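What follows is a pair of complexes built around subunit A, which joins subunit B in one and subunit C in the other.
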Partner chain A sequence: MLKFILKKLIQMIPMLLFISFLVFGALQLTGIDPVSYIATPDMAANQENLDLLRERLGLNQPFLIRYFNWVGDILRGNFGYSITNGTPIGVLIAQRLPATIELALISMVVSAVLGISIGIVSAIYQNSPIDYLGRFFAVLGQAIPQFFFGICLIQIFSIKLGWLPSSGRYSTYATPLRHFILPCLTLTLSLTSVLMRYSRNNMLGVLNSDYIKTARMKGISETKVYVKHAFRNAMRPVLVILCFRLPMLISGSVVIESVYNWPGIGSVITDAVIAGDYPVVMVTTLMVAASILIASFLVDVLTALLDPRVRLGEE
Partner chain B sequence: MELNKSHASNMFQKNVRKFLRNKLAMIGMVVMLIILLMCVFAPVFTSYRADQPDFSARTQPPNLPHILGTDKLGRDVFSRILYGGRYSILIGVTGAFFGSLIGVILGAIAGYFGKLIDSAIVRLSEIFQTVPNMILILILGAVFGRSIGNLLFIFAITGWMTTFRIVRNEFIALKGETYVQVCEAFGMSKIDIMFKQILPNVMSPVIVATTVNVAHFILSEAGLSFIGVGVPSATPTWGNILNAAKSLDVISNYWWLWVVPGVVITVFVLAVNFFGDGLRDVLDPKQQ
Partner chain C sequence: MEQKDIVLDVRKLNTSFISDGATVHIVKDVSFQLERGKTLAIVGESGCGKSVTVHSIVKLLPQNARFTAEQVLYRRLDEKTGGITEFDLAKMDPKGKEMRSMRGADLGMVFQDPMSSLNPVYRVGDQVAEALMEHNRGMKKSEAREKVLQMFRNLGIPDPERRIMDYPHQFSGGMKQRVVIAIAMINNPEIIIADEPTTALDVTIQAQIMELMKELQLNMGKSIILITHNIGLVAEQAEDVCVMYMGRIVEFGSLEQIFENPLHPYTKALLRSVPVLGLADDQKLETIPGATPNPASLGVGCEFADRCPERSEACSAKNVPAYEVEPRHRVRCIKFSQFKEVD
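Coming up: the complex of A and B.
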């Protein structure tokens, strides 16, 4: 098991390097000249000054050397600067990332607990009213566009009823918890339905399989059949789905941050995309990719714990 | 051979009958077809063009000439939704199809051959999976310009990993089965074993995943266009129509501008999902 974890950890390094290379390459493809954002207008007229500035910043070095300089800078914690307002990107991330992590993490936990438990209950009581109700909400939750659901919530709870604030994270007129409820509810909805659908389908598949019938034939109690025999195998594909939906959670939070003016990293990305602020886009992408890598590493370890075939097959 | 054929056609008839008996799936299919046909034959159902402004009839609530009202430029919402549906549905279906195609092929290769090929493709899928679609859209948009074609390309190359992982895991589990070993012992070609013998046993989760993806891509397009980084705003997609509802002013005063497209997207995606669930019930041998 330790060997498996170590192997997975070591595999992450070349992937991060590869992603950062892609990100840096794409930054070069956009053909932006950083000097034009640094130079003052009276300086910009003088070509010699510009060349000197380029020399000093190491911009006329070959692509690969600039790439390694860039990676070195990032490892030392120097993320570069926004080209629209000159803010250090590190500061931007430190200010905004916690809001997104808070939103995504709590939503993930809430939807995992909700989705998996509703899914399993639906599968055990297949074709009962509980099952129909659960499936109805799962299907509806997957069909409603997140932002549309968000707008509906704003219309009902903020405009009509006036119970919850419609935007922002902190304010003088509402507690942070009340600011948090609507965005979290919106982000939770679709992941919950995805997880519910998959855990129900998998649980059904497992419950129909021969080894469960054997277990029942042996006279093992129903609870034990569900908890000990079915649960582990039904959860393996669900964890895979959870892992694959993490970027969806990030994409979802990008949209939701736009609906609720939530001051997270998603709105930084959106603003940077619209303003063409490429350095910010690239570094935030790298951050997002790194956090998703770490999360999927955790899911891999969980999967291996649940299914010996996975870790034995890979060794 | 003769016997085999009649058996197969019996199975098919049985499956069709089973599908026809599934009420939700039938409702889903009918609703899906109605919306699809209305979008395809949009000119039959509306006399307005999607991009025709009428400044004398701005933000009218639903009334007789404009059955779903008009937007801030006086464009007919009903016709915008019909013409917009063409783009949104096309983007969803095409993106999901190509995504699944890539996923099935790579998943079969990785799962069947294992070893180096497997780990290389798995690494590739993990890389694609860690970079959110948004960034690829931005990069491609910056290099080639923002367009529907680029969006489709991005959906296809970012939408194959779910199918890939399902197919690969199933292949790893199935390739040790006796029937596969028998096929190998008979000297059947690897391609035949992969795509004719193993693949049919994997298709039902793939079909469920593809349906989920059609719905997912329609929603993705809507989300991306809603925040202003998807399809260029001149093209009336469902997401671009909803983009108009970003202000509190519109939300509280002009409900038909956001409720109508929102409900249309929801109903269509709902119909696609019901249809997909019905297909799963028919195709999944474990449930028969």
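Coming up: the complex of A and C.
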């Protein structure tokens, strides 16, 4: 198993390098001239000055040399500087990423617990009132757009009732926890409904399978049938969905961030794209790609733990 | 025959399924007796209710199934004292403790498809041991392991010490079916229900598996209910035969009675449609005209009437009872109405 994990980790390195190459190469194709962002207007009037600046910044070097310089800098922890405001990108990420990760991870854990347990209870008591109620909320959760649900929550809890703050992460008038509740609830709603539907459908499929009949025919209790024989088999596809939501939550919570004015990384990415701040775009793209690789690594390890066919097939 | 020689006495078993608000009657008034130490074959085409019948007996039916029976009487024989204990499975709660104590311990079942009958995430040895430990609380793991190893050896699984640690996907189809049989037999149950145990296996493996079951039966004196649509298998394995059509037993009798003196037109047609060695070159295999009716749209009277070459007006007038034509040979056909009516 350890060998399996190591192998999967090592496989990530060439993938990351390849992605970084693509990111770097793609931005060369856009034809953005970095010098035009840096040079002041009177400096830009003089072509000689511009050429000198280009030479000093190493922009005249061949493509591959520049690429390796960039990768080397990143490996040394130097991510470069934002063109628009000159902030080191490392600092920018360190400021914004924790807020995003906090929101993403806690929403994931809450929705995993809620979604999986409601889904499994719905499957066990198929076509009972519990099942209908669960399915109703699952459809609702998937049908309501996140921004709309977010606005509804603000209307109810911030404006009408005045219980919770409507925006931001810290303030003088509310604890961080109270700031956290509404964004977390909004993110949790949609993820819970997805996980609930997957858990329910997988559990139903597994409960109809022959090996569950074999287990029941041994005379073991229903609880044991569900916990020991069905759960583990039903969870494999659900975990895949869950893991692959991680990168989406990290890069894609832009909507939540703008509704709640949440200082996360999503708005950094969109702002950088709009402003043409290409060093920030490159690093954040790389970061999202890395989070996808980590998610698929988690999927590999978890499925291997749950399923001997994967574990033994790879060894 | 004495009562205590009948290990399972099923009377008027009915099972229906509710689908889209309509009730479809799948098993109708099925009654049969299984003799101790004998094999009873249930034959009939796909969808005739064979499988539902045995699933009703062990009470593993889907949620939308409705089950009633006058009795499903199981007579357990105490090997030491020779005493008989009676259990009426029909009265037990399908998920209750009483029924669960029967499953695995007194009733074992071998399923149709060995490929999907084992849980892919557990070691085969553990899956067999689970059945053993469930009915022998407090048994030590090492003791269970010994018993599983012995069972694997009896079933001809090579290198059992290593193979009990394997996962199902490391086993071939025939070997998997041996594991399924091991699960069914590990508690030494009195009745083994084999629901088309060889349908999913290739022919050479089929023969091996059936020989194995026959051997275990002879050595241990078990009673077997064998569900199949392989008439050849019936001829080799069974002492008694039930012929089912559209949820009813149309004919019941000993192997000789059914094969040498088939009475019901359906049984006759079924036997004529079996290929035999020595068929002349231009001789065509007979088929039964028409198609199986939809169980939801059946009217009263004999279910086979529409396809029967010997039908008369009276066939569809009312439901046909079973008549006992000779001792233990019962047929559900109006042509034999001069004989004694039995239920």
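Following the convention adopted for this analysis, the second predicted complex is superposed on the first by the 309 of 315 C-alpha atoms of A that agree within 3 Å, B and C clash if a C-alpha of one lies under 4 Å from a C-alpha of the other, contacts with A are read in each partner's own complex, and residues count from 1 in each chain.
In the analysis below, a residue touches a chain if its C-beta (ideal position, glycine included) is under 8 Å from a C-beta of that chain, and two chains touch if they have at least 3 such contacts.
Note that the coordinates shown come from a computational prediction; the quantities given were computed from them, not determined experimentally.
Of the two partner chains, neither subunit B nor subunit C is touched by A:F21.
Using the contact criterion defined above for the overlaid structures, shared-chain residue A:S209 touches subunit B and also reaches subunit C.
Touch criterion met: A:Q155 reaches subunit B, while subunit C stays clear of it. In the overlay built on the shared chain, the residue A:G219 is in contact with subunit C alone; subunit B does not reach it. In the superposition on chain A, A:F137 makes contact with neither subunit B nor subunit C.
Contacts of A:F231 after superposition: neither subunit B nor subunit C is touched.
In the superposition on chain A, no contact is made by A:F4 with either subunit B or subunit C. Here subunit B and subunit C are compared by how many residues of subunit A each touches, and B touches more. Common to the subunit B and subunit C interfaces on subunit A are residues 209, 309. Remark: subunit A residues 11, 14-15, 18-19, 22-23, 26, 29-30, 139-140, 142-148, 151-152, 154-155, 159, 166, 194, 197, 201, 204-205, 208-209, 237, 240-241, 244, 247, 250-252, 254-255, 258, 269-270, 273-274, 276, 278, 281, 285, 288-289, 292-293, 296, 309, 313 touch subunit B in the complex. Those residues of subunit C whose C-beta lies close enough to touch subunit A in the complex are 58, 60, 63, 95, 100-105, 107-109, 111-113, 116-121, 127, 130-131, 134-135, 167, 169-170, 180, 183-184. Residues of subunit B touching subunit A in their complex: 123, 126-127, 129-135, 138-139, 142-143, 161-162, 165-166, 169, 172-173, 208, 212, 215, 219-220, 222-223, 226-229, 242, 245-246, 248, 251-252, 255, 258, 262, 265-267, 269-270, 273-274, 277, 280, 284, 286-287. By the touch criterion given at the top, residues 126-127, 209-211, 213-222, 229, 232-233, 306-309, 312 of subunit A touch subunit C in their complex.
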